[in-house]
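Two complexes follow with chain A in common, the first pairing it with chain B and the second with chain C.
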Partner chain A sequence: MLNWFKVLSILIKKDIKIEFQTKETLVTLCLFGLLIITVFSLSTENNSLINQNFGAGILWSSVIFAGSIAMVKFFYHEEQNKTLQSLLVMPVPSELILFSKSIVFFIFLSISEIIIFLISSVLFNLNIFSLKLILGCIVFNIGYSVVGSFFGVISSKSSSKEILLTMLLIPIITPILMFIIATTNDVIRSELNSNFQTWLGLGISFDIIFLTLMSYLFGKILED
Partner chain B sequence: MKVNAKKVLMLTKISKSYQNNLVINNFSLDFNYGDSVGIIGKNGSGKSTILKISCGLLKPDSGNVLLMGKSFDSTEDGLLIKSRMGVVLHEDMLYPQLTVFENLNFYSKILGIKNVNTKIEELSTLLNLSDYLKISVSKLSNGNKKRVSFAKSLLNDPDILFADEPESNLDDNGKEIVSKIFNDRRKRGLTNFFSTHSEIFLEKCSNQLINLKDFENA
Partner chain C sequence: MVRQIYLIATGIVFTISIWMIFLWAPTEINQGQVQRILYLHVPFAWASMVAIIAIAFTSFLFLLTKNDRWDNLSQSLAEVGLVSAVVMLFSGIVWAKPVWGVWWTGEAKLTTALVLFFIYCAYLLFRNYFPPGNARNRIAAIIALIGAIDSPIIYYAAQIWEQNHPKAVVGPLASEESSLNGEMVITLLFCVLTVTLLFVGLVWTQYQTNKLLRSKNV
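Showing the complex of A and B:
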């Protein structure tokens, strides 16, 4: 049997290849994200006070909603074509299916965030690029991708998958959502005396706990 | 991987219900290496459920499943069993966005097969798929998808092949090829376990028959 890293890389390459052909997930992420920030930018009329106070909320609501929609699409094909079943009769540990999905979604989410943030910085006249935010985004994206992939697989069987995924996902990611919004606010307002380290600790703890919990539960749920 | 077990598959007192509908009740079955076992029964009698339980896709509500002397309950054993079995279900279980070759290549790599190209070439010749290798699965007919699904399940030359209605969607030539594959496998001491509605296919490909009607009142 193959080692885990090799199987993981085969699974990741397959998902990236499919995305290159369909371009569905990445396009959905960018399109919906940009649509939301464009609508907000029209309503705020480039008021710097509004942008500073609500910029982080606008940015992350666009990422979260675009992410939820893209995630449904990302898993729908697996369910529709029963390819997940196919992997379950192959010598592939179920955790690797979750990890591969999470890693691929992490990559797509990160690419879309770069695009959304670039456009946002122009539309809202914000200077948001900093090492602090990059670190925050990495921690947030890991947690969001792992929890999202877990619930993405579960909700893909449901007829109302879009609603179910959002209902399950958003309450659970609230801690890392609070972390990333606080970090973005710090960066936008250039606050020096912030609680970044405390928030970062919370974000990393969330990622470790949910990565462990979700990989344990994923196999059990697939079995049933 | 012939482990120390005469029986390739042992199902002991299996029960399975969907919500409140009891589909399989206290069902037991075992057979030896090299057997080709066909399972028949009317629609909804539980043929697919038995196959899915046998290959580890479904967990029974009660009872034991031993495949090649090992249980799916242990992760390590489960992976070992899966590396030596092949599964063809109603659904083709292929990635429609990828070509036939890309699908077979992906599954070959997952199964750790060496000489992937030779293996794919060999199977595509056997199943008359050579002309379709560069075509996306989404553009194939249902019959050809079934052939690709068969090719996928044979990549590792499995010790046991599970097939749910293997002849469905196939034309006469396809049915002939599949029955030849089943018989060749049996001659080589490999096991087939399949469900079917076709008595002709059953007669051609099985040396043991299980009629679920016999278990209805058991």
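Showing the complex of A and C:
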């Protein structure tokens, strides 16, 4: 078990070290996300009713699309340097590779969300910081990072990485996307009578199902 | 030869169902002529839902046996399933506007159908973009399984979502259940049978086409 954690921490350190050298994933996530937010802020009047109705959609559109572009960048170096193939030759369980990728992407996604939310709350005059949303973001980020890392590895071998990853990722994460948009809507509109607990149950179930499923299937996609 | 006879028989059955839809089945009192769209919408919805289960099953068999025939069948099912999903969505939208007063609502079934359409697209796009070979076929089978497992979760999520959003209340059928009489039920069941036959025929044809393309390495 100790060995398991040791290997995982080495893999995480490796990915963070690469990112600090290139800074591509985090910069792409933040800048692309902010760019989408800015475009939306230009196209809508600063009306509190409009912002309350469309705020959640705008926020999560920017996170999702910036996330999928950053995910492609994240796996680009792996494919270029054949790092994944080298790791597979070593006695490392395949699910550890998925976990390390997911954890690192989870960290990057969380950092970018803090920045995007801060800027959006200023641009759209929204009050979005609450414990409910933080909890929702953690559950969403886990699901998004695990499913994204799984499909990121798959699409990295394709010539049309960006479109393929987005097309594979978004339909599958629809349940947690609905969960996080509903939660954000509740927070923005300060709704008290919401079914947050049902949504949270669904979000956690999604994370457990897909974490188990993908860690089992990850080895199968790396065969050959 | 057998396939050609089957397709001709399906064509005859399809002609009968067209006659039943437009000439035999009575006009529904509340919805009027637009209700006849349901005779095509429901069977195609059925076909697209069955197709995703069938793809998951054939993909599972492919992963188990590594036999290329199962992979070919999965691909053919996905191609015909996508067409069924397009017909289902388009006919649903055309029916909804005069009956509900809106083209689209956040209803669970509609959202699930739309996401199902995107899952079909993702599966076929993957097959198109990924380099051909054993790895592509294996990963495609895994994607199909994931899509099938995700479908009930999407439906459940859409049901919770529906509770948050008001339903469309415009139109004569907004607050009452629709009632079909005997002839309408017979027509609907006959159309389900027709579309099922058509679906099998198309999958069969597509299977043969893909088999030929694979043998020529196209």
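The rule we apply is simple: the second predicted complex is superposed on the first by the 221 of 224 C-alpha atoms of A that agree within 3 Å, B and C clash if a C-alpha of one lies under 4 Å from a C-alpha of the other, contacts with A are read in each partner's own complex, and residues count from 1 in each chain.
We adopt the following convention: a residue touches a chain if its C-beta (ideal position, glycine included) is under 8 Å from a C-beta of that chain, and two chains touch if they have at least 3 such contacts.
Just so it is clear, the structure is predicted and the values come from calculations on it, not from any experiment.
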Contacts of A:14 with chain B and chain C, given as first, second, both or neither: first
Touching partner for A:223 - first (chain B), second (chain C), both, neither: both
Contacts of A:82 with chain B and chain C, given as first, second, both or neither: first
Partner chain in contact with A:91 - chain B first, chain C second, else both or neither: first
Touching partner for A:111 - first (chain B), second (chain C), both, neither: neither
Which of chain B and chain C A:138 touches, first, second, both or neither: neither
Touching partner for A:157 - first (chain B), second (chain C), both, neither: second
Contacts of A:202 with chain B and chain C, given as first, second, both or neither: second
Chain B and chain C contact sites that coincide on chain A, given as residue numbers: 223-224
Chain A-touching residues of chain B, taken from the complex the two chains share: 55-57, 59, 75, 79-80, 82-83, 85, 87, 89, 91-98, 102, 106-107, 109-112, 152
Partner chain B, residues of chain A touching it in the complex: 1-2, 7, 10-11, 14, 17-18, 21-22, 77, 81-83, 85-93, 219, 223-224
Touch list for chain A against partner chain C, complex: 154, 157-160, 163-164, 167-168, 170-172, 174-175, 178-179, 182, 185, 194-195, 198-199, 202, 205-206, 209, 213, 217, 220-221, 223-224
Residue ranges of chain C touching chain A (in the complex, touch as defined): 63, 111, 115, 118-119, 121-122, 125-126, 129-131, 134-135, 138-139, 142-143, 145-147, 149-150, 153-154, 156-158, 160-161, 163-164
